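I'd like to ask some things about the structure below.
Residue numbering begins at 1 within each chain, and the chains themselves are lettered A, B, C and D in the order written.
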Amino acid sequence: MRPLNVNIEGIIEESPSTRTFVFDHCFEAAEPGQFVMVWARGVDEVPMGLSSRNSITVQKVGEATSKLFELKIGDSFGLRGPYGHGFTLPSPGEKVLIVAGGVGVAPLAPYAEACQASGAEVRTILGARSASELVFKERFSEAGLLDITTDDGTEGTKGFVTMILEGLDASEYGKIAVCGPEPMMAAVFNVLKGKGEVERAEFSLHRYFKCAIGVCGACCLDPYGLRVCKDGPVFSGEQLLDSEFGKYTRDASGRRVKI
Amino acid sequence: MYSLTGLELKNPTILAAGVLGTTGASLRRVALEGGAGAVVSKSIGPEPKKGHPNPSMIKLDCGFLNAMGLPNPSYSEFKGELEIARTAAAVPVVASIFGGSAEEFAEVAEGLLPGKPDAFELNVSCPHAEGYGAAVGSNPCLVEAITARVKEVSDLPVWVKLTPNVSDITAIGKAAEAGGADAVVAINTVKGMAIDIESGYPILGNRSGGLSGPAVKPVAVKCVYDLYAALEVPVIGVGGVSTWEDAVEMIMAGASAVQVGSAVYERLDVFSEISAGIETFLGRKGYGDVKDIIGLAHERV
Amino acid sequence: MYSLTGLELKNPTILAAGVLGTTGASLRRVALEGGAGAVVSKSIGPEPKKGHPNPSMIKLDCGFLNAMGLPNPSYSEFKGELEIARTAAAVPVVASIFGGSAEEFAEVAEGLLPGKPDAFELNVSCPHAEGYGAAVGSNPCLVEAITARVKEVSDLPVWVKLTPNVSDITAIGKAAEAGGADAVVAINTVKGMAIDIESGYPILGNRSGGLSGPAVKPVAVKCVYDLYAALEVPVIGVGGVSTWEDAVEMIMAGASAVQVGSAVYERLDVFSEISAGIETFLGRKGYGDVKDIIGLAHERV
Amino acid sequence: MRPLNVNIEGIIEESPSTRTFVFDHCFEAAEPGQFVMVWARGVDEVPMGLSSRNSITVQKVGEATSKLFELKIGDSFGLRGPYGHGFTLPSPGEKVLIVAGGVGVAPLAPYAEACQASGAEVRTILGARSASELVFKERFSEAGLLDITTDDGTEGTKGFVTMILEGLDASEYGKIAVCGPEPMMAAVFNVLKGKGEVERAEFSLHRYFKCAIGVCGACCLDPYGLRVCKDGPVFSGEQLLDSEFGKYTRDASGRRVKI
């Protein structure tokens, strides 16, 4: 598909570095965890999870995201998608554990809401560097239980999400959904592996995307060649066992880069 | 087994260059899960290259437009990927290479030899990388020189991939043959462009790019047909093949084997599907072998 | 009214050469019922020509393949048709002409003058007629000489229609400009072919032909984009336009007007539809005039 | 569409110069009067009416038709279509008059059958040079009344179809369908015009076809530019009033040729 043109209808300052852009197109059929390619015209096109059917939530980290931060209500950008596979929805009554770090909240907030709507019991562990960087606290707490951790202790438990996770009985949860910076996800992966629960968990991965439609091969994971853009971005823990996940990624040229 | 320029292919479908060929693991997957008879890597050059900014590929109604810009980690990094592909893929692994001169092509080829590729494919045909690809590939003298130089540095079969963006593709094909090419591959993408009318911006980060997929199949069939008539060496057909019917058409035009690129978009096992379809067709028609229909259209007058 | 090389068009959509242009009555119908802002005739040559045997056109999934072979009744017979078109069409009627040499082009142009065409379009780009069309149109010197010669025999605007089947279309465009062309038209069809796999026969009577329709739009947009950057004279865009969005894309690439050919397959009034769509778009976006968006993509960087 | 490949399942010798080729593809939705392009590979592709959903009926007149006559059961040829507009079907109880000359029977036999099936009352005037050239006598007589004329008087009335037609009260017929050589159709047209009934009649025209899909313009009629392949081949008498019909046609180059 060619990029859709979407107009910005609202901009929400979620944290000093994070904004939600609400736009005038609704991806009715999008599953939580699917992503779109966001085209900051004249600059770059980058992947973003859908933080709702008509919004993305962007952390400013470089050129494209800075360009997006220059946009105002009424401005437009390009969007193609939704692409990829989202998180698996729970059955009614099932317990769901969500582990979200940083801007990993973007795909997980709609997932939490969808889980609640489908009658599941949701518990979220939400981590960030500090209180001001916590995003979607309300959305998660309205969807169920919420534990907060901050690296600097400005809110919730001081430390990492794994500290809460270690104290939980992970076997209670039918679904475990994880998204955040890869070192954080790798730590969660290891904790769950230690508990023998990793196969049931799902992780939303970040890799460098070019085509985003499963053709170019830029985003393939070792050792099975799974494409993050098309076979993912959400993978089960089982798919990630003994993989490059947590160890290395690749840059735009295809060179390996340590995580 | 199907023999092509000395390689033994389990079937006549080959993964095209630049598609799912960035890593050894991905090449292996296309061979094992996808069913390709051989795989060609992403085009590899002398230095790491990030490629063009995104959007670098979009799907259009009738095909795909891409301008990746030859992103690659350089031969020194990629030879390890080749090895991974080669040891486990169980099918021939062809290294696609590019450079700005005959010397650079030779440097890259030599640099990849430790990865033990089964053949080289020379990309003298990418339409959207300044100073590379079609920039050299529309000049017959350069194509001959590059081919000859790569033949010097190794005994491996050398395939030369041609651009359709020239007045006469057979002139370039003949130059490749004169340089010692073991086969030619036709076609790389056709120059193309798309503009976002809401903003006026060209969609691709590189502004323009190359068209692939169903839209270019008739162009590819014509190029293969002309090359088959003009050359002695085998022609490998590529461009818009996504079904066994497309593959048979390409083979009847003169292709000894077909490459499939964009069609992996639909499904990875398009290779198994195509090769099974070809077999069924040959059986139904009473042909013994793919070789019986290579270039058949030339006999039908 | 929309002015182009001195002609007054009621809108910037034009019937492309060789489509519904065999008779004056048909040209008139495309203008009156179809809503075209101008019409171009079938390409007319010095002698009556039956064209290639059928099949001479087929619809493919993504476009059309044709090899009509320039059938035409010759200028002496066709000038009467021109007159019929001209007197009743109420839009400019452009005579497309071809020949094997500058002299033949001049002979045909002069021969048609009594039919009072509003302009000439020189077909130096048909990909499937030996000794005509692209056979002359890929040689810049010939294109310049032909253009200059036709400019000599009349004061009418001369449009030169270019083939995309060359390494660099801008070189041919510049030659046309140097010869005095008032506009260039891009593109004619892209060389292509289709084979019937049940029999092995190439489908077209001429074996190969030219690809048109949606498949070639990205190719045409790229050619128009490059020509706009390279030339002073207006570029008329043609190739795969079937909706107003396609037309706007072509205009943003640099086209001063668009021609529509294959899309008459769907509906004759595609011209009205496109021109209405362009108007609505301009209104919605707050542009005053088509001229405001010609070449817009060149400014978006 | 690309030409379909069809295999010949039966060949019926209808007359010394006319054969029906029954093939293994059924055009379920074809309307009587629509045509197909028949590709005699290596020679030419020519238009033929469908004489049933899976047959064409061919008169040998030149290169392509001679090539078809060389084919045997089991051989194949190419076919694309059905194209164009057929004859208008009658309402139940309506009276239909069919005037068929020569190989013009091909589209009219299925029309007669369709009329009968839809509850109309059918009468056919069938003309040919001589008795041996009469095709589909049974099909027409099973569908309704049948009058025969032959130029040489070897069967039926000696003379032309117009001789019977002149004697009929044409105003009784809700539909009048005509197909045959153009001079014959022009004569029928004139008789009906004389009776003031021509507007209701429909004529299936022959012109030189190239594309057959309404694009190339080879088959356009003066003075309105109607395309025989797409707007026809069946036209109402009204559409043909003051047209080139019966006066001239065009050859492959587009030159006018007198009828």
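Convention: contacts are C-beta pairs under 8 Å (C-beta built on N, C-alpha and C of every residue); 3 or more make two chains touch, one makes a residue touch a chain.
Computed from a predicted structure; not experimentally measured.
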{"item": "Greatest separation from chain A - chain, by CA centre", "value": "D"}
{"item": "Between A-B and B-D, the pair with more C-beta contacts", "value": "A-B"}
{"item": "CA centroid of chain B to CA centroid of chain D, Å", "value": "51"}
{"item": "Intercentroid distance (Cα basis), chain D paired with chain C, Å", "value": "36"}
{"item": "Interchain centroid distance [CA atoms averaged], chain A/chain D, Å", "value": "67"}
{"item": "Residue numbers of chain A (touch at least two other chains)", "value": "41-42"}
{"item": "Chain B: positions in contact with at least two other chains", "value": "60, 194, 199, 201, 300"}
{"item": "Full enumeration of touching chain pairs", "value": "A-B, A-C, B-C, B-D, C-D"}
{"item": "Chain C partner contacts - residues on chain A that touch it in the complex", "value": "41-42"}
{"item": "Residue ranges of chain B touching chain D (in the complex, touch as defined)", "value": "300-301"}
{"item": "Chain A partner contacts - residues on chain B that touch it in the complex", "value": "18-23, 25-30, 42, 48-51, 53-60, 64, 66, 68, 71-74, 77-78, 194, 196, 198-199, 201, 203, 205, 261-262, 264-265"}
{"item": "Chain B to chain C touching residues, read off their complex", "value": "60-63, 65, 138, 165-167, 190-195, 197, 199-202, 207-208, 211, 214-216, 218-219, 221-222, 225, 245, 248-249, 252-253, 281, 293, 296-297, 299-300"}
{"item": "Residues of chain D touching chain C in the complex", "value": "1-3, 5, 37, 39, 41-46, 76, 78, 80, 209-218, 220-227, 250-256"}
